[in-house]
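If you scroll down you'll find the structure; I have some questions about it.
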Amino acid sequence: MVLSDVNFSLAEGEILGLIGPNGAGKTTLFNIISGMLKPDRGKVLFGGRNITGKAPHKISRMGIARTFQIPQPFPEMTVLENVRAASMFSHGGGKGRLPKDPAEICGLLGLGGKKMHEPARRLTGGEKKRLEVARALGTSPGLLLLDEFAAGLTVAETKWASEMIRKLSKEFGLTLVWTEHVMRVLMRTVERVVVLHHGSVIAEGAPEAVVKDQGVLEAYFGGSSA
Amino acid sequence: MILPELVVLGVAYGLLFGVLALGLTLVWGVMKVVNIAHGDFVTVGAYSSYWLFTLAGVHPILSLLFTIPFGFGLGLLVYLGLVRRVANAPELMSLFLTFGLSTLISSLLLNLYSPNQRGVPISFPSINGLGVVLPGSVAIAAAYSVVVAVLLRLFLRRTFWGKAIRAVTEDREAALLMGINPEAVSLLSFGIGVAIATSVGSIVILLQAVTPTVGGDFTLLSFVIVVLGGLGSPLGALIGGVVIGVVNNVASLYLNAAVTPAIGFIVLVVVLIVRPSGIAGLKPD
Amino acid sequence: MKPNPQRLAPLALPVAAAVLLYVAPNYAAGTSLPFIILNWIVLAESFNMFAGLTGYVNFGHVVFYGVGGYIGGLLMANSMASPYAAVLAGGLGSALLALGMSLPTTRLRGAYFAIATLSINEAVFVIFDNWDAVGSAPGFTIPIADYLPLQVYYVMAIVAALCVATMYFMTRSKFGVAMQAIRQQEKTASSIGVNAAFYKTVALVISGFFAGLAGALAIWQIAFIDPTNAFDVRVTLNSISMVMLGGLGTVVGPIIGGTLLYGVGDYLDRRYPFLHLIVLGVVIIGVVMAMPQGIVGASRRFFQARRIRREESEGDGSNSRDLAHL
């Protein structure tokens, strides 16, 4: 995957939507930010520090958490153990107002009570997605990278997800970057959108403006449908 | 011996072991299982040809008509009975399973046929050309390898099942969506992998005497080649085979014969350090 | 009240101590059986420390054993150190080797790691087989003037106890959580701040240390070493079988598997030399197919299912058949 000319910045507590068709480079960008891929050129700055090419565990400890598009929990651990593991190694990188107690985080994501003690491998698809977020929050991050959180969720779950994301930003002061290739939910939730296509930013701005952008329309529906 | 001769010899041996490694890499590509018993199937093939020759006078080259279908059938059985069960388990389980299978095969052969060396007393006229003398048996090995490599390539490029194998190797889930049954493809590729190994055994018995425990050496050699060429890459396996064949043979000119076996492994470890995905490598994961 | 295995667990420690310190040396004096079993337990447990915890198979485990044996043996043969110091040096040497090995190999995933370690085993064998300064292929013997069977046995028992205790702490600590995370989903582990390469290195170094001690102790006992025996892949094979049979990743698995398999193997070796290997092959295949959690895992499941069944029937008496899958 090639990324070029991708340049944007984030304000604290902001929710940034990152959209683009399949293969636009959204996950690649997350892999670069979270240290799982090293870029050939370019820089990632976080809180004024250059974190380009640092190891993933170091980036996590600095307060950047991520979820995976296809949930990757620790399958044999229970839900609670998954989140507890996250809180054990993160050294509380972020300074947000997020709850620190793993059980409380599980509850926040609707995985409290009996669910908490179920092995992660037995969860449904939607529950696994929520566990992704709970585990990421377990590291008490300042920045959360959400990779296709709403993809594959039911209508009710999607609505809940969008409220959840708003709550994380408003109540807990978390900064979020949220990717999705289905735009609707995301557009209703975020304040600002960056559109990626073929590895470059083709539009940036408020959701209402971006949906009217000619380039974006072309990227999604337009001519060269190879 | 002189350098050009060693290079030719290395290429010839390298082709044979490259083809052997093809079998290993095919199975890896399709189901991400490293078959540690791969070399032991070579031993099985070599013993089959040995006994066919000793008891019935069947020429080892003719015995390919037996060892190929026999290996294919054996592969199907092993897949259905054992390997299928660990295909989706953690990788460690398939490594353990095939390691256990390797132990079982070599120790069964030990019990049946003792640790004695077995070889066939057949000699072939050497081939002279351009000032290079190549033993006839080695030339046969090289010719056989080229035939197998070409046939396999045609199979993978031209036939439905061949394309299915490539599709599953590339992206198992996408192949499933295209209506390909990955189970059937795994079964087929395991059968082909084992058939390649047993047939290489029939050729190996022309080149050297074998013992029941020689399989481990073949497995290691195939590993080295496959890692050099990049796991899952058929062309890489052939290139890796030739590289290792030439390096091993040429090195014997400068080094103590006892040390040469280690060269391949040293090359391997160096390659793994410098380029963890192999020379012609596919991306890891 | 039926006996509950968990309640009996604290009893295991004094019983084990009594067997190790009194029964074994007094009733099996003159035979090396208790020593050999303990030696295998250490080899199996140290293999388990890495493979069982991280999910990576070190097919070159015997290299630690062999190199530890060579270092200890050379020091003893040239009377350069007391046997105790020689044994310790063997362990430390192998730990250092493990550290060196981990630099290139901990970056390798799954099968690549397994292949690399198998190759390292082969390469190390060839080196020692041709290295005249350490006796090359014929190997060397050490003088047995100051050899006391009981002394060697007790050192072995202490090492075995330390090895099992180390495994216990490795599984029941933050270290253990990191290991579980790496084994179950390495990418996720690094995403939550686990330094996977570091933890894998530490596990390999500790594994190498104990296997090295076992090797040095073995040469103290046998008084002879050569490359064929020191780097025999069958030592790794045995360790794998013992760990698998007992229970991969469990603390007591290698003790159970080691004792059982060595007992059976020793008997078979005397009567039918080649049958032994067949049995090992069958054990590995059988365990992978039928009970991948080994004896410990299988019995844990059995007791768990029984407890749940009992709770269910005490509770609302609803059918216990639903739980049969546990």
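Letters are used for the chains, namely A, B and C, taken in the order the chains are written, and counting of residues starts over at 1 for each.
Rule of thumb we're sticking to: a contact is a pair of C-beta atoms (placed from the backbone, for glycine too) under 8 Å apart; a residue touches a chain by one contact, two chains touch by 3 or more.
Keep in mind it's a predicted model, so treat the numbers as computed, not measured.
Colleague: Per-chain C-alpha centres versus the global one: which chain is nearest?
Modeller: C
Colleague: Measuring between Cα centroids, which chain is at the maximum distance from chain C?
Modeller: The most remote chain is A.
Colleague: Give the chain pair that accounts for the most C-beta pairs in contact.
Modeller: B-C
Colleague: Taking each chain's centre as the mean position of its Cα atoms, how many Å separate chain B from chain C?
Modeller: 32
Colleague: Where the centres are mean C-alpha positions, what is the separation of chain A from chain B, in Å?
Modeller: Taking the average C-alpha coordinate of chain A and of chain B, the gap between them is 45 Å.
Colleague: Where the centres are mean C-alpha positions, what is the separation of chain A from chain C, in Å?
Modeller: 42
Colleague: Residue numbers in chain C touching 2 or more other chains?
Modeller: none
Colleague: Give every residue of chain C touching chain A within the complex, in rising order.
Modeller: 174, 177-178, 180-181, 184-185, 187-196
Colleague: Sort out for me which residues of chain C touch chain B in the complex.
Modeller: 51, 55-57, 59, 104-105, 107-112, 114-116, 118-120, 122-123, 126-127, 129-130, 233, 237, 240-241, 244, 248, 274-278, 280-285, 288-289, 292
Colleague: In the complex, go through chain A and note every residue touching chain C.
Modeller: Counting only chain A, the residues touching chain C are 34-36, 55-57, 60-61, 65-66, 68, 72-77, 84-86, 88-91, 93, 135-136, 138-139.
Colleague: Any idea which chain B residues touch chain C in the complex?
Modeller: Listed in rising order, the residues are 28, 32, 34, 82, 85-86, 89-93, 95-97, 99-108, 110-111, 216, 220, 223-224, 227, 231, 256, 258-259, 261-262, 264-266, 268-269, 272-273, 276, 284-285.
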